[in-house]
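Reading through the C-alpha cells given below for one structure.
As written, the chains take the letters A, B and C, and residue 1 is the first residue of each chain.
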Amino acid sequence: MDKVLVFVETKGDEPRKASLELLCEAEKLAASGRFSVEAVCFGTMSDALREKLLASARKLIRFNDPELAVYSPEGYARALAGYAAETGARMIVAGATGTGRDFLPRVAIMLGTGMVSDVTGANWFDEPMTFVRPMFGGKVFAEVAFPASPVVVTARPNSFAMDIPEGIKGEYEERTAGSLAGAIHTRVVRVEETKGDAVDLTEADLIVAGGRGLKATENFKLVEELAAAIGGTVGATRSVVDAKWRDQADQIGKSGKTVSPKLYIGAGISGAIHHIMGMDTSKVVLAVNRDPNAIIFNYANYGIVGDLFEVLPAMTEEIRKRKERG
Amino acid sequence: MDFAFTEEQQFFKKIITDTVDRMVVPKAREIDEKDEFPWELWKEFTKLGYLGLRYPEEIGGMNADPVTAMIFYEQIARGSVGFAQSVIMNILMGTYFVYRFGSQAIKERCLYPAMRGDKVATMCFTEDQSGSDLSATRTTAVKDGNEWIINGTKMWITNGPHADFATVLATTDPSLGAKGLNFFLVEKGTPGFSPGQILDKLGCRGTITGELVFDNVRIPEENLLGMELNKGVEYLAEILDEVRVMTAAMAMGIAQAAYDEGLEYARKRIAFGKPIGTYQLIRAKFADMATEMEASRLLIYSAAWKMKEGLPSRLEAAMAKMFATETCLKVVDEVTRIWGANAFANEYNPQRHFRDARFLLYGGGTHEILKDFMGRMIIGK
Amino acid sequence: MNILVLVKQVPDPEALIEIAASGKDLNVEPKFAVNLFDEFALEEALRIREKHGGTVKAISLGGPKAIEALRTAIAMGADEAVLIEDEAFAAGDGYNTALALSRVLKKETFDIVLTGRQAIDADRGEVPQMVAQFLGLPHVGVVVKLDISDGKAVAESSLEGAKEIVEVALPAVFTAQKGLNEPRVPLITGVMKAMKVQIPRIAVEDLGLTKDMAAPENSKTRIVRYLPPKKRPAVQIIPGEAREAAAEAVRILIDVERVI
C-alpha cells in the first residue's frame, strides 16, 4: 500500500478547513485499499482538537519538537520531509494555504522530487497521477502529470468535498523529528493580527454590490450587513455614486473599478453595460432584482427574482445561522 | 528589406507604453474635463527626462532617432492628446530653433530648462489670417540698432498662454513674402509680450491654446534664430517632415486608444445573447480598422526610417500625415458606432477620442493643402 | 549588500490566451511584461542598495525575448543582468526552473535574493522556496516590509492574513508581495543605459545541466493538456418566496459553489 501523508494545519482547537477537506478526500483513497493515510501535525494540540482529527483520520502523527511550536519553513519542511523519507511515503499533500504553499516546495526539493501547487482536481488513480490546476489567474487550467515519486501536492481550499467520514476512530502517535535546532534560521519575532479592515474592492474575493434598487443611501446598511456577514466588501453602481449614496471609491464599472471576485452579489442592479464591464469576470454571480428581465441576470449564475428588502436580510440571517453552526 | 523595430526600439516602445499607462492614461479623462494645464502630471512626467528625446546626450538628451521618436509620440498621444501636445511642443517645435541657432547663453536660459520641464516652450506660426499660407504672415520684426522690434498677433499657439519662451515667425520684409520670414526668440516678461484670448476647444483639451500679442516687443539682436537673415522657411523645412510624421503618429495614438475601447466593448457587450464582437458586421469593422492602422504605421515608420537614413521624405511624410489622420478619423467614428449610444455619453472615452481626432486634421497642414502640395510634387508645377 | 533579483518575463496580464486546437499548447498574444511581483522585488532591491550601498543584479531564465525583462530591470536601476537562455528550461516545471536558477546563484556572492512571490503566468509560487532549499538558505515568503541591518533582515510576512515579523540572518531569500513598495517608473537615463547594455547570456550547459533534462518526458512533472475554465452557465433562477430563496441561495453559495 502506498503511504499518503496529509499535512494538517490547525488554528486553536480547529483544523483548517483546507486540511479537513484533504483528510476527507484522503479517506476515500484509504477506503480504496490502495493507500494508507496518515495525518501529520506540528505544534501544540488540545484534547478537543485531537478528538476532532481522530474522527476523520485513521492515523494521526504529531511531532512534538519545541522548535515546531511556531511555523518556520525550514523546520516544518525538515520534519515533514524527514518523516516522508523515513516511511517511504508515496505522496505528501497539504492545503494550498499560505503556509502549505510556503514550505511544501522545500519538502519537494528535500525529497528530490517536484511538486504541483494549488490543484483544484486530482486523478489519484491514474498512472502517473494527474492533477488539474489553474494558471494565468484562472484564465486557463493545466492537467499536470506527476511521474516522479514521491508526489508532492498542495490543494486549493474548497476543491474537495468535505464529506466527513463516519465511524472513524484513528490512532494517535507522538514523535520527535529531532535535530531541528540548528536547521532553522528564521525566528518569528512577533505576530500581528491584521485588523478586520474590508479588503479593497479590486482585490476582494467577496463583493456585495448595490444599485438604484436600494432606493436610498440609508438602505445600503442591508448591503453592508450582508457583506459583513460573509466578510466581503461593498460595491456600488455608478448611478448610486452619482446620487451620492456611496463614495466614488465604491464604484464598480467602466469608469470605476474593475473587479474579479470569487463571489459577486448584485442587489437592485439592473446590469447597465457600464457596470457589467467592471464585474463580468467574477467567478460566481448572484443577482437579486425584482425585475425578471433585468439584464444582470444574463451575467449571473444564480438569480433571485424578488424584493431585495426581504432577500438581503434573510440571507444575512441565514449566513449568520450557518456560521454559528460552524 | 527589414520592417522590424530594432531590439532597442522594441524595448523603448515597451517602456514608454508602460510609463504612459501608469502615469498618463489614468489622468486623461480629468485632463479633458478640466481643460487646465496638468501641472502636477507635467512635473511628474518631465522629471523622467523625455523632453530631451531628440537632443544629443552631451546636453542631457537621448539622441533618439526619428523612428524611436515616433514610437514616443504615438504612445504619449495614446495616453492623452492634450498632454501630448504640450510635451511634444517642448520636445520638438518649441525648442528646435533655440537648439539649432541659440547662443550658449540662450541655450542655458531656455533650452536646457525646457528639456528638464522647468520651462514651457512654444512656437508661434499661425495668425488669424495665415496658417498653411506662411507668406501671409503679418507679424513684423524691424531692426532698431542692436535690437529687433516685434509687432503682431499670433493665434492657435499651443502652450502659448503660459509659455516661458516662444519661437516667433515674423517677416523682416513683407514685400519678400515667404522669403522674408525669420524666427525670433521672445521670452516671458519681455515688455509688450502678453497672452491674449484663450481658445475653448472641441478636443485636445488640457493643452492651453491661445493668442499671443506682441506690442513693440524689443529683443536683443542675438534672439534672431538663424545663421543668415531671411532663411526662416529653409530652416523650417528641417523639421517639417518630422512634424508631419509626428502628427501622423499622434493620430495612431488616438486611433489605438479608441480601438482598444472598441475591442473591449465588442468582447463584453451582449446583444441577442452573444457578445457583439461575434457578429460579422462588428468583426468587419475590426478587420478594416486593423488593416488601415497597420497601413498607417507602415507609412509612418517607413517615412521615419527615411528621415533617419537621411533619404528624401517630404512626399512620404505628407502621405503619412494625411493617411494616418484620415484613418484615425475613421477609427474613432467606427468605435462610436460599436459603442452605440454609450459613445455619446461624456462619461466614456470614445467621445473624447472622437473630438480629439478632429484637431489632427489641421495640425501639420490641412489635407486640402497637403494634397495640393503632394500633387504638385508628383505631377510637377 | 549584493542583491540578486530573480525576474521572470510573463505574458502581459491583458494578453489574450487561447488553448490551441491540439489542447497541448497555449496561443498567447505576444505582449510581454515583467512579472508584477518581481517588480516589487526589484524595487525593494534598489531601495536597499540606495540605503546600504552595494549592487543589484537581475537574473532571468527564459527565451531570447526575456532580455526585455532584464533591460527593464536595468532601466529601473539594476547594475547588471544575466539571462540563462534556454526555452526548454524556461517552459519546464518548477523543479527544473529552480534547479537552473540555483546553479547560477551558486556562482555568485550575495547577501540577499529577492523575487516575486509567484509568477502571474504559471501561478505556481514554488520556485523561490525551491531555490532557497537547493542553496540551503532560509527564506521568508510573501513579504510586505523588509528592513536590513547588521547582516540581518527583519521581514514582515503576510502569509495567512496575520502579519508575522520574522528575523533572519543573511544571506536569505525573500519573496515580494504586493504592498511591499510602489515600483518606480524608469528615468530616461536608465532607459538609455538599458537600450545599449550588452546582457550576458548563459547556456544551461555552462551550469552543468543538459537540455534534455528539461524535456517533458524527463521532468518531475509535465503538463499533459490545457483545459478551459468553466463557462458561466445560463442563469439558474432560485424559486420560492424571499426567505425561502434567500436560504437556498446561501446553501448553494456555501455547499455547492463553496465561495463563502
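Things worth noting here:
As a convention for this text, contacts are C-beta pairs under 8 Å (C-beta built on N, C-alpha and C of every residue); 3 or more make two chains touch, one makes a residue touch a chain.
In this text, all values refer to a predicted model and were calculated from it rather than measured experimentally.
Interface comparison, A-C versus B-C: the pair with the greater number of contacting C-beta pairs is A-C.
Ranked by separation of Cα centres from subunit A, the top chain is B.
Closest chain to the protein centre (all Cα atoms averaged), using per-chain Cα means: C. Note: centroid distance subunit A to subunit B, computed from Cα atoms, is 53 Å. Note: centroid distance subunit A to subunit C, computed from Cα atoms, is 22 Å.
As a whole-number value, the distance joining the C-alpha centres of subunit B and subunit C reads 40 Å. The set of subunit A residues touching two or more other chains comprises 298-299.
In subunit B, no residue reaches two or more other chains under the touch definition. Those residues of subunit A that touch subunit B in the complex are listed here as 238, 254-255, 273-274, 276-277, 280, 298-299. Residues 29, 264-265, 268-270, 273, 342, 347-348 of subunit B are the ones that touch subunit A when the two sit in their complex. Note for the complex: subunit C touches subunit A at residues 11, 13, 17, 19, 26, 93-95, 98, 120-130, 132-134, 137-142, 154, 158-169, 172, 219-229, 232-233, 235-238, 241-243, 245-247, 249-250, 252-254, 257-260.
Within the complex formed with subunit C, the residues of subunit A that make contact are 71, 73-74, 77, 97-99, 101-106, 108-110, 113-118, 130, 132-148, 158, 184-194, 205-206, 230, 262-263, 283-287, 292, 297-307, 310-312, 314-315, 318-319, 322. Taken together, the subunit B residues at the contact with subunit C in this complex read 7-8, 10-12, 14-15, 18-19, 22-23, 47-50, 52-53, 57, 62.
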